[in-house]
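Two complexes come next, and they have one chain in common, subunit A, joined by subunit B in the first and subunit C in the second.
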Partner chain A sequence: MTVANEKTALGFFEKNKPYIDDLKHTVFLFRKSKLTMVGFVLIVIFLLVAFLGPLFLPYDPIAQNFAVRLQPPSQEHLFGTDQFGRDIFSRVIQGSRMALWIIFLVSAISGLLGTTVGIIAGYFGGLIDDIIMRITDMFLAFPSLVLAMAFAAMMGPNFTNTIIAISLVNWTTYARLARAEAMKVKEQPYIEAIRSVGAGTGRILFLHVLPMCISPVIVQLTLRMGTIILTAAGLGFLGLGVQPPTPEWGAMVSDGRNFLVDQWWISTFPGFAIVFVVLGFNLLGDGIRDMLDPRLRR
Partner chain B sequence: MVEPLMTITNLKKHFALKKNVFSKNVIVKAVDDVNLEIPRESIFAVVGESGSGKTTLGRTLMKLIPPTAGMVSMDGKDILTLDKKAFLPYRRKMQIVFQDPYNSLHPRKLVKTVIGEGLKIHFKGISEMEIRDKIREVLLQVGLREEHMFRYPHEFSGGQRQRIAFARAIVLEPEFIVLDEPTSALDVSVQAMVLKMLQEARAQNALTYLFITHNLSIVDYFANHLAVMYLGRVVETGSKAEIFDHPAHPYTRLLMNSNPIPDPFLKREKQVVRGEIPSPIHPPSGCHFHPRCPFAKAECKEQEPQYREISSGHFIRCHFPV
Partner chain C sequence: MNIWKYLIKRILLMALVLFGVACIVFFIAHVIPADPVGAILGGNAPPEKIDKLRAQLGYDRPLIEQFFSFLKGAVVGDFGVSIKTNNPVMTDIGIYFPATIELALVAIIISIVLGVFLGILSAVHRNKMVDNFSRVFSILGVSMPVFWIGLILILIFYYKLDWLPGGGRINFFLDPPQRITGMYLFDSLFTGNWEVFRDALLHILLPAFVLGYNSTASIARITRSSMLEVLGQEYIRTAKAKGLKKRLVIYRHALRNALIPTITIIGLVFGGLLEGAVLTETVFSWPGLGRYITAGLLSLDYPAVMGGTIYIAFIYSLANLAVDFLYALLDPRMRT
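Moving on to the complex of A and B:
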């Protein structure tokens, strides 16, 4: 039979053909949606700027130069300068790195925590579910920014605590989503089928329930990345986030608010940066949701 | 008689329905006092209307839901009382194929993963190559092709999915398979092919089937033993030939009479089952079937009939067998 010969001759590409085809299809779906592409381009620009931008800064983002304070946008200072004479363009670019770190760490921490707790609550139900859900209710009873402020104020304002504070207010969303999905999935015959094959609880939970719960969580994570930046910016604006002189967009907007009427550029450019990234994540998040839905795939 | 593969003794599965905090809990006896002997390498059909408890019986046997009381012994060992670890080898020996082929396969997993997962659980240290060989073998056996193992379930038709579900069961080399209405979601033409495949696989692998269905024509074609369930109880059981030739329980007779015969010129007495199956929450007193039974007498209303043997291997639960 030819089958046997083929089997031994299988190269890497042939062996992984189904996965590669699947990937190709994903890319195809991705390119079909214009808004997703816009979001994708925005985020790619953001990532490029965050990774490479700080290597090509025209000025030191924290060096003060009172000779050029409050300069309007010009050739030398593309976005103008602030009240300490720092170049806003350099600060906005340096700030993107801070924003990226916050997004990455908060998403990883709150996504992992939320999903794990959520599928446990949803799959086991009963008392475990009740306890976990009452805890999330407690978190959800406060507006998220207020709660993040409380945590940040309690632990002291710095970078690490900003991450922890934002993660702590965010994980409940993912926990609820993952729980709802897990509750739906655990009733499905394919879960009963794998139980009848003899799979243990851990295997069922992480290899069978989790993959079905992950796509709404990923979408929500992408959608919430905008909100995370907003929360971080809010904390920065209130002075509870990353501390000066480290450039952080929210704190920069806050810096400019006393000068808003005459020196509009101080707050405006970091504000645009926030809009740019939040919009990008929202468009991308919507696109990813459509792509991951297996019913819309084919 | 041959030593039975599985003996079910007084098996009960009751569900407690909690309406609200003020009312008493209502008990639904989904499976009530079932006694059956499933002979080795037989096809044992369980028939009954919707809500008669046949699916619950299958799931309880598989230990997918905990029983309320009773014993199920396989190879002389009560499998229901075994703990998780001791039960694992029996898990492999008994498998189930579900009714709904569209939701019984994980939508995000390749066919290879769906079928191969059980191998990884039960045969520790099995190599990827061995797994693939095994999967190829069962795929061919259920009438699919080798390359199908790299596809996702949604790329298959209902009949093919049911073949995959069956492949997942037989790859573990079980002795006993519960087939829970495996063809009722399929087109008639596909049904016949799947049934044929099941029959061939049974002969090839020396399997025993518990075949849950409501289709008596399939039972006639497929099974060699039969149990009729009504409201959680087995009302009649015996060999297929015996029951099809001499149905003793009025309910069995009515079921057989209401089964369509594919011959428009064949005349027969019209006897339709009156009414619908009563609610299992408030089952009728005495014999559960008496409100619908054309031969019911006063005694049927008051006294519960005993489960008794009327001829060798032919059991019935009725005061006045026909």
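Moving on to the complex of A and C:
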């Protein structure tokens, strides 16, 4: 029994040696690139803060307390307080959870929508492909923030509609990627084989084409997470995103605009939070891109 | 394929895309909000007032009829009358757009000069201090929210140092120059009004830098990597081996070929500029098209929003067309 186990274990490692070496090489490259490591650490901190931070808030991020309004940063209020006496440190921490939700939901929705539409276009080709591609062209004809603004404003600015608006302007990228992959995959003999066995179109699409198209989409999703935060913050700043008093970083920066001269901390700290997270995603994304680029890999 | 055929094909395609853009905008403005008039007047407006406005704006007609009259207007640039300013939307765009294009032009000039310079410096001194500095500068450029850098720079350069003005296009006490293009810099230059030119230049520096920072970063990155690629090629080694001066090799031999990808990216960042303009204009109280649309969105001024958005999409598509055309002209392989 033990012998058999050892044998299979050995077999597993031997069989997959090239893959494991490849993985080791990837980890090596990852650790060699300092900036990528920095990005990784920033994102880990962001995730920890978003998951655990709201459990340890010093103050209620929404409760107003006019006795302590516009206080500069101090021992009690690390980042100071805003015009309603709310603790900015607590609000920034709470805002991280908002940012995480936005990233997660937008990525999930736009990734799913884009991939589905993309593989349908790529697999069927012809007229369907033409129509879908022209539709993506139309979406790409807008600067993305302008389109997101229009969607968000008309649907009514709030959390849900922010998510929908950003997803609606983001899905085209993934659709194009998935389409390109699907076009390659559908020529493969194994698809022909499955079809000849009598598999239905839905089965082929979602069980055999989709898994082959998913990895470039996932890479692109991670590369665009920084952009998603910036768009959401931009919407919040313009008053077309998540509405106060919910702590959202972009809206918080906007809150402090009228107090910029004497109460600089109101706008500054939420802005630092945005830079922190976006920088993390960008550094990590750059590293991932370099690692996956075969020209830079060896 | 013949280059003119390619151009015609692309223009037809652009017309199709713009038709789709009009559909999307109409959909956003008329189908998503169930009741635009209610949205404008608020929930408690008296019914007769609602009916009056509805008839006045033409919202009592069937949707499909509204759509066709909207399309007919859009083709000739008639987007109706702005509810807020009471001007035809196209007149408003004529007033606001030159400010945006002026800002975008100065921003792109700053970002090309700065970006190409940083990119070359980075590539030539690879992995040295300069390179690291310029890479950090670039990565910060794509990581900082435009509106936030704007506010921080206003805080530093206007409130603390008082070197540059904090917003607007021109000093309150100066008269704007005689209107020729609508762009203050050009107009004051043409009329020889130096005082206004200097003031307008000081006003545009900060917003243009903020708007261009993101593009500077992209341009520096592309220039760096393509420069590195070119510098590793054999003809560069040959040139060096011949004993040519380093400066000559870099600027004459390498830069020319390295700039081709840079030209593409300049086309691409233009869209980013229009997008950033919305935020930059809000921060710097710059009376441009982005602010016009934002104000329209916040006050639900439907004609202004629809007209402004379509106009921006039109300009954006036009810029993309120009880049593609330039590219096809340079590289015959792209004419497909």
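Worth pointing out:
As a working rule, the second predicted complex is superposed on the first by the 227 of 298 C-alpha atoms of A that agree within 3 Å, B and C clash if a C-alpha of one lies under 4 Å from a C-alpha of the other, contacts with A are read in each partner's own complex, and residues count from 1 in each chain.
Heads up, the rule we're going with is that a residue touches a chain if its C-beta (ideal position, glycine included) is under 8 Å from a C-beta of that chain, and two chains touch if they have at least 3 such contacts.
Keep in mind it's a predicted model, so treat the numbers as computed, not measured.
Contact with subunit C, but none with subunit B, is seen for A:I274 once the two complexes are overlaid on the shared chain. Applying the stated contact rule after C-alpha superposition, one finds that A:V197 touches subunit B and leaves subunit C untouched.
Judged by the touch definition given at the top, the superposed model places A:A251 against neither subunit B nor subunit C. Contacts of A:V219 after superposition on the shared chain: neither subunit B nor subunit C is touched. Of the two partner chains, neither subunit B nor subunit C is touched by A:V209. Of the two partner chains, subunit C is the only one touched by A:F151; subunit B is not. By the touch criterion defined above, A:Q188 lies against subunit B but remains apart from subunit C after alignment on the C-alpha atoms of chain A. Of the two partner chains, neither subunit B nor subunit C is touched by A:A232.
Note on subunit A: of its two partners subunit C and subunit B, the one contacting more of its residues is C.
Subunit A has no residue lying at the interface with subunit B in one structure and with subunit C in the other. Interface residues of subunit A, counted against subunit C in their complex, comprise 35, 134-135, 137-139, 141-147, 149-151, 153-156, 226, 230, 233-234, 237-240, 250, 253-254, 256-257, 260-261, 264, 267-268, 271, 274-275, 278-279, 282-283, 286.
Contact residues on subunit C toward subunit A in their complex (touch as defined above): 13, 16-18, 20-21, 23-25, 28-29, 32-33, 139-140, 142-148, 151-152, 154-155, 159, 271-272, 274-275, 278-279, 282, 290, 293-294, 297-298, 300, 305, 309, 312-313, 316-317. Per the touch definition, subunit A reaches subunit B in the complex via residues 3, 17-18, 188-190, 192-200, 203, 208, 211-212, 294, 298. By the touch criterion given at the top, residues 59, 62, 64, 84, 88, 91-92, 95-96, 98, 100, 103-110, 117-118, 121-122, 136, 146, 150-151, 154, 165, 168, 172 of subunit B touch subunit A in their complex.
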